[in-house]
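After this come two complexes, each holding chain A, first together with chain B and then together with chain C.
Let's turn to the complex of A and B:
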């Protein structure tokens, strides 16, 4: 049996393990399963980064037509990742801080951390600095949907809030709230 | 880390700017909504045309036209809002520039207070006086020195020269200089005559 990597229509290079049928099945041996989970985690995170996907839901494994079809299904070997298996993988990812259940208090949908909130905070601060928006007041909407697409376009609100609160801890961001909503102001790093 | 002290206070202006920006965001979202409606109405019109309901298609298109005018209006309002925001932001910058100028001016005043014209004049006068005084001291010292020590200095100079001279005598033979003439130079006719004589001899020689 030869396994080959495969380039999807979206241009993503799937690893060769994705063509191995056992990869899609939950393994009874915990050691084997941990390797499978690790590979799935890596695959999910790299694919999410490639397509800028922030969420993965059990629904994506249950039905076709979502953003994740290319990864969760392999029709060339007639295999798909079952929701129960995905659920297990996601719980492992949440445990290792590679994802977080979003919204909270459910386990069907996770927010993927292909960048940790701390890393997002740096990305955010760098974007604000390079676009010359330090010290001016920005709305969250302005950051999530800027007129010119940026590295932060489409970032989920919860993740943005986390990043801002991380910056706030080092005095590099300040949340301003008014009756109508909230805004944020960034400051140059104090180097502390 | 003193988070509260490194972060400036939120002023009323900040709130006003944020309010305006939030309004602008709402308009943007509204625009998006209208765009969706526009697309939908077009689709509806197309469907009605396909099923042969021309009047319904016309109604959809009319609605679309109305929404389009709304879109133009929101566009204008958004421009207004954005202008206002940038005006406020620019005014804030102007205020800070003014503040900076003021501080600079204060500093300059402070410096000038310490350095007024009278004190400078006084200082210059004092300096001139001090220089004159110094010159006086110099002269006095120079005078007292010369009287007694000048002779000694001169004697030392002579001694040094004497020491240097023998060496010069040794160095002399290496360069051969003509001796100075001892006789008086002969001036006038005796020198001119021999020249004339040679000239005459030559003149004679050519015709022959």
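Let's turn to the complex of A and C:
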């Protein structure tokens, strides 16, 4: 039995473990399951990063046709990840700060940290600096949906807020009330 | 009647004398033999030395030649890795010691890095495939014999690496999937015994992974150590 990697239609390279039938079953042996969980976690995060997906939901494992089909299913060996197994994996990811339940107080949907909020903060500051927008006021909308697509395009509001508040702690950002809601002003600084 | 050796005290004396002479003769012969063997041995040693130095490169590079050489060594009771000096004069001569230890280190490397997914059991052919990949050599350059030998050199370290004979162990060759019915069918075991064996492998030893989406049996067991992993 040879397990080979596989390139999906979206161009993502699935690791060879994805073609191992038992990879899709929750393992009764805790040591084995921790290997399985670790591999799923890595796969979910790299795929999310590749396709810029910020959320994964149990629904994605329940029904076909979502963004996650290529990963949560392997039609070539007729296997799929069941919602209960995905739920277990997500809980482990939340425990290790690789994701957070979003919205809070439920466990069916998570916001994935393929970049940690601290890393997003740096990415954000870098973007503001290189696009020459330091010291001017930006609305959240301008960051999430900039006229020219950026590394931050489509970032969820909650994640953006976290990143801004991290920059705020080192005096590199300040939230300001503007006419139609909130805006933010960024300042130079190393963050040290 | 005349008897050889006669009778009486004289015969006793004569007997003793004869024994003494025999003993002398015998030790003389032994000495000659020892000398002979000694000289043979030193000749052999010189010849072997010359052989090893001349063919050093070939021994290291050519698996068939290396195998034949090691066969020859073991059939005459010479361990290529043993010797009075550090690493063995023999090992130094051929440089086989380093080669073997190096291979040993790479084997440990692979065993450690695959332990999680195979539960610490790896098929020899898979190990050879991975070692070859790690060294960047064609398949066939490193032989089963080399690997087994290297694993033996690791023994004194007490790291617990050993070659297990799976008893006609090629049974996993056709695939790494096992199921209760398959064992019952192929081995004639009872369902209970098959189940117990598989459950032990699964739960206690972590040697196999469960697959609950199997088309045939509903539940199948996979032995990751018998799978080939590309990445």
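Remarks
In this text, the second predicted complex is superposed on the first by the 187 of 192 C-alpha atoms of A that agree within 3 Å, B and C clash if a C-alpha of one lies under 4 Å from a C-alpha of the other, contacts with A are read in each partner's own complex, and residues count from 1 in each chain.
As a convention for this text, a residue touches a chain if its C-beta (ideal position, glycine included) is under 8 Å from a C-beta of that chain, and two chains touch if they have at least 3 such contacts.
Quantities reported herein were computed from a predicted structural model and do not represent experimental measurements.
Once both complexes are superposed on chain A, the partners chain B and chain C fit side by side without clashing. In the superposition on chain A, A:20 makes contact with chain C only, not with chain B. Contact with chain C, but none with chain B, is seen for A:79 once the two complexes are overlaid on the shared chain. Looking at the shared chain after the overlay, A:180 reaches chain B, while chain C stays out of its contact range. In the superposed pair of complexes, A:148 makes contact with neither chain B nor chain C.
Contacts of A:31 after superposition: chain C is touched, whereas chain B is not reached. Measuring only between alpha carbons, the smallest separation of chain B from chain C in this overlay is 43 Å. With the contact threshold set out at the top, not one residue of chain A is in contact with chain B in one structure and with chain C in the other.
The part of chain C that touches chain A in the complex is made up of residues 116-117, 119, 175-177, 202-203, 206, 209-215, 220-222, 224, 226-231.
Of all residues in chain B, only 1-3, 6-8, 10, 14-15, 17-19, 21-25, 28-29, 89 touch chain A in the complex they form.
Within the complex formed with chain C, the residues of chain A that make contact are 1-5, 15-17, 20-25, 27-29, 31-32, 35-36, 78-80. Of all residues in chain A, those touching chain B in their complex are 136-139, 141-142, 145, 168-171, 174, 176, 178, 180-181, 183, 185, 187, 190, 192.
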